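Below is one structure. I have some questions about it.
Here the chain labels run A, B and C in written order, and each chain numbers its own residues starting at 1.
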Amino acid sequence: MLQTPVPLPQPRKFGESNRQDAWWLQPIVVFLGLSAFIVYSTWAAFQGTDYLFTGGGADYLSPFYSPEIFGDSGHAIFGPKPEIWPAWLPFSPALLILWAPGGFRFTCYYYRGAYYKAFWADPSNCSVGEPKARSCYRGENSLPLILQNIHRYFLYIALGFIVLLAWDAWKAMWFEDASGVEHFGIGVGSIVLTINVFLLSGYTFGCHVLRHMVGGKFKTISDKPAHKKAYECVTCLNKRHMLFAWLSLFWVGFTDFYVRMCATGSWTDWRIF
Amino acid sequence: MGQVTFKIWRGEGDEGHFEEYQTEVSEGMVVLDAIHAIQSDDASDLAVRWNCKAGKCGSCSAEINGMPKLMCMTRLSSLDLDNPIIIEPMKAFPLMKDLVTDVSWNYEAKKSIKPFKPCKPDAPDGTWRMQQEDVERAQEFRKCIECYLCQNVCHVLRDHHDHAEYIGPAFLVKTAAFEMHPLDEENRTLDLKDEQGIGYCNITKCCTKVCPEHITITDNAIIPLKERVVDEFYDPLKKLFRIFKPK
Amino acid sequence: MTERFKTHEYDVLIIGAGGAGLRAAIEASSTGASVGVVCKSLLGKAHTVMAEGGMAASMGNVDDRDNWKVHFADTMRGGQYLNNCEMAEIHAREAGERVLELEAWGALFDRTKEGKILQRNFGGHKYPRLAHVGDRTGLEMIRTLQDHGIHQGIDFHMEVTVTNLLKDGDRVVAAFGYEREKGRFMLYKAKAIVIATGGIGRAFKVTSNSWEYTGDGHALAYDAGADLIDMEFVQFHPTGMVWPPSVRGILVTEGVRGEGGILTNSEGKRFMFEDVPPLYVSSTADNEEEGWKYVTGDKEANRPPELLTRDHVARKIVKEVKAGRGSPHGGAFLNIAWIKEHIKDSETHIKKKLPSMYHQFMELAEVDITKDPMEVGPTTHYVMGGIRVNAESQMSTVKGLFACGECAAGLHGANRLGGNSLSDLLVFGKRAGEFASKFASECEYGNIGTNEVNALVTESLLPVDRTEGENPYKIQEDLQETMQDLAGISRCDEELKTAIVRIGEYAVRSTTAYAPGNREYNPGWHTALDLHNLLVVSEALCYSAMQRTESRGGHFRSDFPEKTEEGSTYNTVVRRKNDGSMEVERVPVIPQSDEMRAIIEEYK
């Protein structure tokens, strides 16, 4: 083991920095953005209603509730809430599945860096002093944060979610008429759900783990044309991982909000054709 | 451009204070030029480490207005000259004098990385064949000029002083340069996990931000290395697979 | 008397940790010798990192007509036949091997389509010959050697400056110096000492060299009684930055021209097509079309005139500026952006081929080289002259003292070809390490009196012990001014004489240099101690330049503007007489064997 060089300068106090720019702005924006999403999504997840819009023959399912494993809408795979579900435990179809995308984002390399800064102030920004109380820093080297390494398993699940949400978006383009026949059509909701799939794909397919798996782990790639192509594509998205992380986060929340607003009748879904 | 005030850290070891100097600046000057002017006119014993003055040797690392930078590559025109410009030494290493720090720990840390170990030559003439696209990935990391700005900004070293447990971004980049070298056969993942403490990195990406060579340290070096460590030590399915894999 | 210094002992001591010093250290330690390396800066910061273009080796990966003979002939022609032909032969024969060795140690060169090491065109080289990594080949080389060397059991003494060599009888047996951090004094006893300290660029005002290059090795060897040779030959690199003033002198790699960059004057004319030297007329393109074909790899085409030898290009730029056709800040325009006429995505191409040039201009001059031309002018870059060494062993004329790299002389003659420097470091660095180790194995440590060393301590402390005196920076600046004006790119007898008189005055002033503050990391003190070396090399340069009454290679005399027949028959040698004064004489050049003459003739 290496020796620590002594004496080192005293660490700076919390928030102490000679930086002249508004270094506190970025962590505050991240803090507010993530907090807003967490508050809204938790609220929405506990509602357990208004997540499906069927007005005008539409079939818009909120992404917070897809796939619906148990539930009361027609989308539920296994029908209504099981009998054995304890009465004291709150139930919502969203609670059964949201841990997966939530976990994917929680363990994501981009979000990790962002919330360590914004929520833990570890550090709050580059070359800015940290809260003094934290004497022992273990990083992601031991429990609990060592569990962040599970990220790849969340990726596997997230890839599955992309397929399901794409299916939902496809379904959102078919409208049932009065006689029960489905016609292809586009409403504002169809577009909202479709954009959601694209943004989530942009985020998921730009994942650092995926980049590693499709090509990054090899020493040479010139001799593996398929991997090479895949690696290039993932790398391209990976460079914009932060952008997609925020866009998809906002949009998935907005998609739920849109469906909810339509379902409660507050908004009208416009059919384009 | 007129007179500009510089607040420069003067002192040795633990003791020190900011001292103000005024100097005349002109078009195109960088911070190091101003330091030289002050040195030659007002403070001939002002200690500063520098060499190439072209951003290629990585000697003149310091903190300018609170941000780690190379003094030779920071143009005065990029700073607010109406207020005093604060110049202080790096914070993650012991101070020798004024702007010079003792960076010898970095040389020790680097030595802990297993050296390059090439595979057998694959061409009949006893040399190797490599494709440009395969060498490019490691070439990015080999741009490193060892200025240690990334080490300095990394809070694991700077604030937590975990020098004994963590080798810092600069040498994760170095390890990546070896690990992604098309010819290298050494395995460094166990060292990364245990000796070099890659888990201490919590991806704040400050290293990437300050790198004067624009190496994408976090995304291209550290995270791929973290994933290699996961492959070998933290992936239960892979472990299972390895147990049952016919030898 | 108590010792006021710390002592170390090594079989082989290497002074300097650039490419040559590191290569020597690796070689010496691989033979089992104990090796110490002393360097003035931190390890890995030496000026080798500034070398951009590449290292010349006739591996023939791009053009299979290349071989060591052609490389040898090119080097001799470039050096105007004043080279030590034995060194030129060894260099051309061994360079390829040294490059491949570097690859085996982990260097990652750019590749050809077949996966071999890619080689690029450079001034004076007949075929594409420079193994390279973008435009940061020097960094790749020093890092590879450094990373290899740190695992060899070599002791590195960083930020230590050697100020004196000590002799026991006629043999060099120790080096004395100080370390920067605390100002402590060090004595390194060694059986053999290798000097690899690089150049003398700091003797001039406009230079691509950093503060370190004060001719330390030259002066150490000279003071120890060794011969310096060819000191009049200084290479002024034609393309240094000229604007803004604070970056004046920083190098712009020849690679820009190798990739198709052209030189134009304020009238937009490619002035290099004029006055092509007779030696090169047959191999130089006479129209733009052919020049472009050459840089894109057409084997039949002749090289564009921008790729003529550095001395010629530098003088041509000066001529344009003097004729009033220079760029706004007194240089010429170097334009790589123009290749958009030929290449579709020229912007990406330029950024990929010349990444650090792109950044250098973007960040230091706010010029986008993919769109606009650069302003360039000559800058002091390299000294061909230096310590006279044996071609085979690199031993100087003093026993136990070896030299390699820029501070050694002979390989490059009157002018060095770009790319021959990096290969020089490796080829002769290895040899110096090998033969120094051999020498060390055949002798014992010498005797040194403590009093003698303590006297050096006292002497070294004079500038900090004084309570008043002259600012050493001012003396250095005055000297640089003098050398730039009177002994720079164009010289004449009268000016050189004036320069020598002034150098004498500076020498007197340097004895009053005063560095306020204490011994701890005090740059004023270091500058004061470096003055002696700068004065020695400046004086040697002026005397040698006066001695050579002709113009050739890196030496141009306005009072003798032509090359003479006689000039090709001698080298100038400078040495220290017993009374301490400088002696200069002409010695005959090393005769070429019949075989060598035949090769030179064949590849003329």
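The rule is short, and it goes like this: contacts are C-beta pairs under 8 Å (C-beta built on N, C-alpha and C of every residue); 3 or more make two chains touch, one makes a residue touch a chain.
No experiment lies behind these values; they were computed from the predicted model shown.
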Draw the chains as points, connect those that touch, then say whether the picture is a line, ring, star, complete or other.
line
Which chain is most central here if centres come from C-alpha coordinates alone?
B
Need the CA-centroid distance for the pair subunit B / subunit C, whole Å please.
28
Could you tell me the distance, in whole angstrom, between the mean C-alpha positions of subunit A and subunit B?
32
Centroid of subunit A to centroid of subunit C, CA atoms only: how many Å?
57
Multi-chain contact sites of subunit A, meaning residues that touch two or more partners
none
What parts of subunit B, by residue number, touch at least two of the other chains?
102, 104, 130-131, 181, 184
In the complex, go through subunit B and note every residue touching subunit C.
12, 26-30, 33, 39-40, 44-59, 73, 75, 96-98, 100, 102-104, 107, 110-111, 115-116, 118, 127-132, 135, 138-139, 142-146, 174, 178, 181, 183-184, 214
Complex contact set, residues of subunit A against subunit B:
1-9, 11-12, 17-20, 109-110, 112-113, 116-117, 122-123, 125-127, 129-130, 134, 137-142, 145-146, 149-152, 208-209, 211-212, 216-217, 219-223, 228, 238-239, 241
The residues of subunit C that touch subunit B in their complex are 41-47, 49-50, 100, 103-106, 108-111, 114-116, 118, 133-134, 136, 139-140, 143, 147-148, 150-151, 156, 158, 181, 210-212, 243-247, 250-251, 356, 359-360, 363-365, 471-474, 477, 515-518, 520-525, 527
Subunit A partner contacts - residues on subunit B that touch it in the complex:
13-14, 63, 65-68, 80, 83, 86, 88, 91-95, 102, 104-105, 108-109, 112, 130-131, 133-134, 153, 155-156, 158-167, 180-182, 184, 195, 197, 199-206, 209-210, 218-219, 223-224, 226-231, 234-235
